[in-house]
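For clarity, chains are labelled A, B, C and D in written order, and residue numbers in each chain start from 1.
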């Protein structure tokens, strides 16, 4: 198999929880010729995407755009606001929360990690308790993953904000929205988040290679005295440049072309609220399929179900690795794997980004056939259950669509 | 709705019986810069595609390439071989056979049309009888549609050849393979066909805009004395030029780029035999779904089932037009309509070209949900029946795939 | 050399007089997925391009769009309006006029060919004389090539119209604008043309594969009684379908995507008048270079200079074929060849379509260096002369450009 | 002007010293659908590009690939090998050397900056002297920019290596090849470089968004004890993953598609040595044009001329900013600006990456006309001088080209 030069026939179903399938129009846009990122045409592009991103983050504050993948935006959030040895309160929602905590350690911070069972979101009460205990206010930041990509569990960010407020604690509030932004409702300003971390390859429907920090005034103020060394990630120059459409160093020009199209699709054509409803509906249909198969959804609290992905427990004694390999080989469908402590125990269905009913039906059919093919005990009827929901649930229409009708 | 600038979210399912979905690699190839069609680079491209096309048509004879859609290749077949007033025997397999016959009339030929019920392929015995009656050998050509796109019925081309031979009749044998070539096994030389007509936008997986004539020695000889006026379609200059990779007038350069990739995918990567088996398997799965719904397949003879498409009768009193509109609007799925006498009575499922199991599952799910949505009486379980077949039937692997394993 | 997989470094200069260089945005547009040409999205696209084309042809009359190259539109003009044996008056402006006349012969018409020296445009007085002689009004059509691609000579179409009128002759007036439309001012209605023939790959900046007939009421009326057999080219169905955005048979969908972008660029962004001025300016610069080299421009009458291309006579004893081969091999520049009686005697510089000052400077530099490389006697200073004109002549700005300023 | 939706006609000449013009084949490759970066197809791609990159860097050592622009690879080089407060010896060759030094400061290092006049490369003797003085071996690294993008001056990396060796100093040797790699001969292993820094958007002909570190054993060993905090840039995980074709976090998948094509073009089609010769030849032609204009080349030592770009001093009292604006507005040509202390004093001509004779001729014509247009005192004849050299100098042919001949 030689990458790009030999594929099985038909369209690949990329249903990992990101990168998500990139729409054709975005792929065409990123293939336009690279231009001078110091020229007037680029400046107009830059201003346009910065302003559109603010609507996506639901913020009036600056959004820094990095030529980097999401992991870079995690690092940017930490190094811009913290100093060596700073204590940060992080919440173990799953693999990615653990990686972020790991990063904090590597960067010389002192993360305290509120343990979790990888089946629930962040516990606002536990956060409140930890902060209340912290009489000396040594905790400098609270870090929560909004949508834990490894588990399909959403943490209620507004609730955690209230917990911080109740504790009257001055810690910064940082939230990872890498796999939720532009798929699940998220409100940087309303929820009082100080730094929101995001990437291009999920709800924004772009290839990987761009990542973002939305930054509150409080976070900006904190960055003035933060002592972790930083240069590439430095907000000061990035935000100052970005607001006029420029970059302090070479940006990922062609991905920005795609971002412009993505923003138009999300904001002008479909409308952000409709995007969220679409994902809610697909997620519910996916869960109905899982239940019909008699399999268990990893997320235990329905109030925390993810609309981006659904993680499914394999029955005991069955390997998700073998299952996914068979599904890829036979059905040209990529599913997400179980990560670290979930390794070989769960598979994940991505239903984020540019997605519709029949892509979901095809995906669920691939899973149902894969279960059969690999001898995983299950009941049939998952696709049927999903179809039953899809056909009877109401569909939100994009504004552009309505206008055209 | 403004074409190209505003789509519903997610991938469109283009499951009409052609144009078929164009693979990403082909779309990228056709977007490369146009070159000089008189320059050396083009000549190499031209020679390559002509030689690949011969393998596709299973012929050692010339294949003329027109910058035109398939209808043009129909006209080319007639005007190159026939003279005004010539009698041609045509077979009413459905709408497209009728259009071809209509064209023959417009061009001043005298087609005799063997009546058909649009639910069977060409009747070899009837052809034989007509030819046997024709003592004066005034019939100059027998024209048959291999895969009738309006009905999903395949005519057995080899059988009809034998019928012509039994009648010892010198008529030319012309076959339309527009919706079968490179999806259903077809053998220009072995089956003794004189002119094979084909287009780019079906099994060859290209956008529309190219069409073809494969031409036997006998047909070429006939063209020397044929009197219908012709210039654009004239084989003489086209074939003479094509064999060295050139064209007598400006060719559709960018589609030829795509054709080069298409030929590599079909011949080198998957292998033509595997392509046929893939389509057979998907067609069988589709038919099982139709039967499970309790709907009727238009094609009455299982020996004539099409592997490119399946036409399905709507229950009495139900409109396929409303059904398809609903399916397009709600599920972003395009299905084929009923044509002329089948108008509003059948819908057609395209499963030709670049296609795989999950694209089929998604398509069938769209239909099953659409039947529910529009209140068409049916049983559930169509997608299930298809999945059951897909998971248990053997999959033919492409040579390239095998080599890589 | 394997087409598409191995090129010399850097951008190819495609400066033949068509196909012209295709802008990046158009290439991206034609690579979007093919859609159902019977669906609502396509209909909107179809209506948009038909209406835009009318502005390009400067007509309120119908424009038929064929999936074919320009030669097909020639044939369409003839077969829709004429009957076997009809006399048509054609004018030998060069190779393409001769090919059109040749086609008329093949189609069973009786062309009378007004001789020409391939260095002048159509002689209105000669046309008038021929028509005046034709007391019996047996001449059914007068056919003129607006911009003769083989010679770089423009025929004054309005003048010829007046000649026909002076002769009070009812013949239809047909004009080939294949290499002038959308590069050189052309007015279908104002100049009283009955059928205008055009193609996609020149001023419209698309790959080849689309061609057009703009059709007057008089031509439409003539088509009712015209007896040449026709089907693919038949206006009746094509125009009836096109006006609502549809096609009687499968259209070249992806090229129509490109056409939509082309029309936006020409009509909305740059403005047609500015497009014409741009080409006039580049043509004048090219001619100044030719004169500076001491070479001779083929076109003898400055009132007939072409703004699409400039044909240049090689000095006696020097081969344009060897010259062009060397230029292609060494400088990656494609120039047009001498055709039939000009074979090996002239080369042609295309400066039509999507073109600008530095593309012209690069092209002229390739020629000047090629002359040196192949030992063709010439004076230096051609590029200098062109630069001198380019820098001092006024540039017309597109409306969009102005608005943005 | 709205980015991407409204351009002046014709091809833009992007002749800044990077991003360089991206070849069409690479643009098409980066627009292929994003795949799972944990799947088998991606692994094959990853291994292929890592191995190709080693040939480009002329090294057998690991090359780390970052989803980041070149500035990130600078940071990676420093944070992986150094500890807070470490002294590094840097050489002021120009703006980018100053930025790198600035970054070292921001990261808490103690750079010593050998002053320079921005018109010469690194002075090996000065480096030797500084190292010889450093009895305590407190200098941990010597950092040199190979090709200073702001000045068009090349530092002789092999000479500096010898200087370090003569001083018997254990400092690591780090080299920035951002604007030289794959345009100018560079030998990581032979020249004993410990960390080579590079990016995608110059000689590799890709859009920006990838950057690289080639890493010696000595550098890897140093990274074990280096104390600067790092996570995103951490070699350990990156190199361990990269060598099998994987990444520790989400890579810039689509740019890697383009990299695969770039490597094939450079290594298999043209051959790296021919690539270097091509750039040498174009640089010489550009300099001849500059001299003919009577303008001054910024680089004072011919042994240090850059083959990637040529920086040109504006005559006193003339603004390069106004000059470049006029050239962009009128001729659609982007040139590089003067940076910091060269602001408004020099303009820079990029002739790196995918480039050929006529692109250079067009570029130089734009400059010559721009000088005239803006009233900058100059002699004519620059384009002539360049053409004279181009036509008479020998051209190195790619291996693939030769084989095809």
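By our rule, a residue touches a chain if its C-beta (ideal position, glycine included) is under 8 Å from a C-beta of that chain, and two chains touch if they have at least 3 such contacts.
For clarity, every value in this text was computed on a predicted model and none was experimentally measured.
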Chain pair with more C-beta contacts, B-C versus A-B: B-C
Identity of the chain that, by mean CA position, is farthest from chain C: A
Distance from the mean Cα position of chain D to that of chain B, given in whole angstrom: 52
Chain A-chain B separation of Cα centroids, rounded to whole Å: 44
For chain B paired with chain C, centre-to-centre distance based on mean C-alpha positions, whole Å: 34
Sites on chain D at which at least two other chains make contact: 1-2, 4, 7, 21, 25, 28-29, 31-33
Chain B - residues contacting chain D, complex: 24-25, 28-29, 31-33
Residue numbers on chain C that touch chain D, as the complex places them: 1-2, 4, 6-11, 13, 21, 23, 25, 265, 269-270, 275, 278, 330-333, 354-359, 361-363, 365-366, 368-369, 372-373, 380-381, 383-384, 387, 390-391, 395, 398, 400-401, 404
Contact set on chain A toward chain D in their complex: 1-4, 7, 12, 14, 16, 18-19, 21-22, 27-42, 44-45, 48, 66-72, 75, 79, 84, 102-103, 106-108, 199, 201, 207-209, 228-232, 234, 249-255, 257, 260, 328, 334, 337
